[in-house]
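You will see two complexes here that share chain A, one where it goes with chain B and one where it goes with chain C.
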Partner chain A sequence: MKKQIVTLFIISLFALSTSAQTYITRNGRVTFFSKAPIENIEANNNEVTSFLDTQKGEVAFVALIKSFKFQKALMEEHFNENYMESNTFPKANFKGTITDLSKINFSKDGTYTVTVKGDLTIHGITKNIEAPATINISGGKINANSKFNIKVKDYNIKIPTTVVNNVSETISITVDCKYDPLKKG
Partner chain B sequence: MSNKSVILISILVILAAGGFIGYKIWNKPFKDPLQGDAIKVTAIQLFNDFSANEAAAQKKYVPEKLGNKKVEVTGQINEIGKNDDGEIFYTLKTSDEMFGVKCIMDKGEEIANAKVGDNITVRGFCDGYNMDVIVNRCKAVK
Partner chain C sequence: MRKKLLIITASFFIAVISFAQDTTDISKMLEDELKANDQNKTVYTTAAFKTTRLIDGHSIENTAAGVLDVKISHRFGTIGGANGGVYNFFGLDNATMRLGFDYGLTHTLMIGIGRSTSLKTFDAFIKWKILRQSTGKRNMPVTVSYVPTIGIISFRDAAVYKSFSNRINFTHQLLIGRKFTEGLSLQVMPTVVHRNQPVDNGPNDVFAAGIGGRQKLSKRTSFNAEYYYQLPGSKVPGTTNVLSLGFDIETGGHVFQLHVTNSSSMTESNFITGNKGSWGKGDILFGFNISRVFNVGKKHTKEW
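This part shows the complex of A and B:
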């Protein structure tokens, strides 16, 4: 399963990298936020790799689970060892397309609201999701932002009943990527 | 002292101790990368190991429990940047033309006067391979 995903991803990267309209970031930011009665939990990952093909409208993200950083060591430990099982499932990834690509004029500065649809894989479980995204084009640079919710049970992430008041069943995910044109060699 | 008060005091002592231990666990600090042993490796070697066999490299370098393995990476700076949390990162040169070893410094840590082309050594915790090899919560080795 994991091998297949990795292989698929590599194939997709290969497909993307052959296009001249490929943009990349290695410093993409993904934040998640859990709001629960006892505590709010937030974690940031600034090491997300993402590719964007402006011609085909394809987007791909890869995030290392262990790169999500928490305020408290105990939270980071529980997140990795109990919930995400990051030794077994070290990565989360997304591969999808901008469904209304024609709305965007990549050669003109502006802000566009679009929809991104694709497969999100977390904790070894793949689900098809749809999320709103904002694309901002300014001086040849592309910024992309998105905010959406996921349900932990959709990804078979088990929250023990003892901490059910500490961890929310719905997690809010924020994506912030500043892309640069892919330079070869 | 009556039996009752002995029991009451015992309960209070146990509760206080439990609370204190709980508080300590809740607030336990992140491991300091400069304390204890670390796996010493060049950025080139670290990257090659991950690109050749990711699963084996993960076993070797990535902590399976929070902070239980550290790497001490030496390499040449290819890029210097700062993330949205204000942390400085240095991307070290590897044999790959595009990707490298990205070392994110711990909050507030920086290598004074470091510039592109300099050789540096940092210690941190390897998160894995994401096209770049990610080493987080780094501190400079003097």
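This part shows the complex of A and C:
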């Protein structure tokens, strides 16, 4: 009987130690910025969900389009209705890998600059992208930051000629996520 | 012995299951996470209509909090009929207008004032969104708004308007609407117009049923229709029901509404109970509304 308990204990330990490889955030922040002659447009989404697998170096993000908040209500309405068509394409997501995972020592505090490569899906269109990222490890928590640019026409988002001075062709995207170890329920 | 075997088998299964979970790829985990999240979140339906007016009357849309909407509306003379034709440049010689200011106090409450040429009428209203169409945690099939409006006629005619009470009309409307698809939105507008001392031979309380909707033609344009039907029991004698058809064209901060209608009034109490024009007799007139929004107040939902 003792033996079985020991076996069970070892198994549960094994399960715990492996689960610590996966990290999660439910309130990651994604910001985008459009710089155009007439106006600058900024939107924030504080409800981005992301998983990070530190062993395989895999990372995945999902952002609800409707959760992007703008300073002007009309911008938010047009963003959802005319540009992103959020009823048809409610989510944007990214799935990729850290290409130079070996640079990072997840058990040691520090800041590492890495490259993330993967598929970004916006407005129903998937494109392979590569972006620099900064991984900061401190006290068992992982903080990831990234900044990159995308072209709206790559994602089949059309800007009418009447607003070319209001909306930029190139959008700058900033990602800021604070991950916690995933706790199994 | 059997018991031991059972425990060993069970623990083996547990190990396999926990191992299997740990090797599940994270995009699958993300999907599961989102499914759970979708059920805990209420997503409100937005942009059922391009602006807060369907054509003459209200749509279920509200001006956003802290936003001022300046509305300039024109109705020209009748295209056909006795006052139309080539001589009157198909009605363009005669124009009436309404200048209005709408303001969003919160995301569910807006107020507005206006002044129309027709009977030199001043109007003021409140629009309160009681229910908002939504999906997810809170599933609500319709948006319901209550709109009380006061209309004050300032036209000088001592023979008709013997007291101030003759000049005041109250309209109470419920707007019940639903965005069925990305393109199609419909609404019904049960309405009662209360006149303190009517100057026509009609009753004090006129009951009407409005129906309207829009079908998008492209991302930025839509076809709209609106009809107000006075219930037979309380119809004002000699008046006609208002039918309006039009297009919405949205260009950034502006919404242009172009339409044909048989009413030159733009205040609820006037066009529902006091319209004389008839589509059958060619009393069709061209009109437009221009809406321009300005961000004047601080947005309440700034979240960063």
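To be clear about the criterion, the second predicted complex is superposed on the first by the 165 of 185 C-alpha atoms of A that agree within 3 Å, B and C clash if a C-alpha of one lies under 4 Å from a C-alpha of the other, contacts with A are read in each partner's own complex, and residues count from 1 in each chain.
In this section, a contact is a pair of C-beta atoms (placed from the backbone, for glycine too) under 8 Å apart; a residue touches a chain by one contact, two chains touch by 3 or more.
On a predicted model such as this, the values are computed, not experimentally measured, just so you know.
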Contacts of A:176 with chain B and chain C, given as first, second, both or neither: first
First, second, both or neither for A:113, with chain B first and chain C second: neither
Between chain B and chain C, more extensive residue contact with chain A: C
Which of chain B and chain C A:53 touches, first, second, both or neither: second
Partner chain in contact with A:134 - chain B first, chain C second, else both or neither: neither
Touching partner for A:105 - first (chain B), second (chain C), both, neither: neither
Contacts of A:162 with chain B and chain C, given as first, second, both or neither: second
First (chain B), second (chain C), both or neither touched by A:63: first
Which superposed partner A:81 touches (first chain B, second chain C, both, neither): both
Touching partner for A:73 - first (chain B), second (chain C), both, neither: both
Doubly contacted chain A residues - partners chain C and chain B: 26, 44, 46, 49, 62, 66, 69, 72-74, 77, 80-81, 87, 91, 184
Residues of chain A touching chain C in the complex: 1, 4, 7-8, 11-12, 14-15, 18-19, 21-22, 24, 26, 44, 46, 49-53, 58-62, 66, 69, 71-74, 77-78, 80-82, 85, 87-88, 91, 93, 95, 160, 162-163, 166, 184
Complex interface listing, chain C residues touching chain A: 4, 7-8, 11, 14-15, 18-19, 21-22, 25-27, 29-30, 33-34, 37, 43, 46-47, 64-67, 182, 219-220, 251-253, 293, 295, 299, 301-304
Chain A-facing residues of chain B, complex: 25-31, 58, 62-67, 81, 83-85, 87, 89, 97-99, 102, 104, 127-132, 134, 136-137
In the complex with chain B, residue positions of chain A that touch it: 26-27, 29, 44, 46-49, 62-64, 66-67, 69, 72-74, 76-77, 80-81, 87, 90-91, 176, 184-185
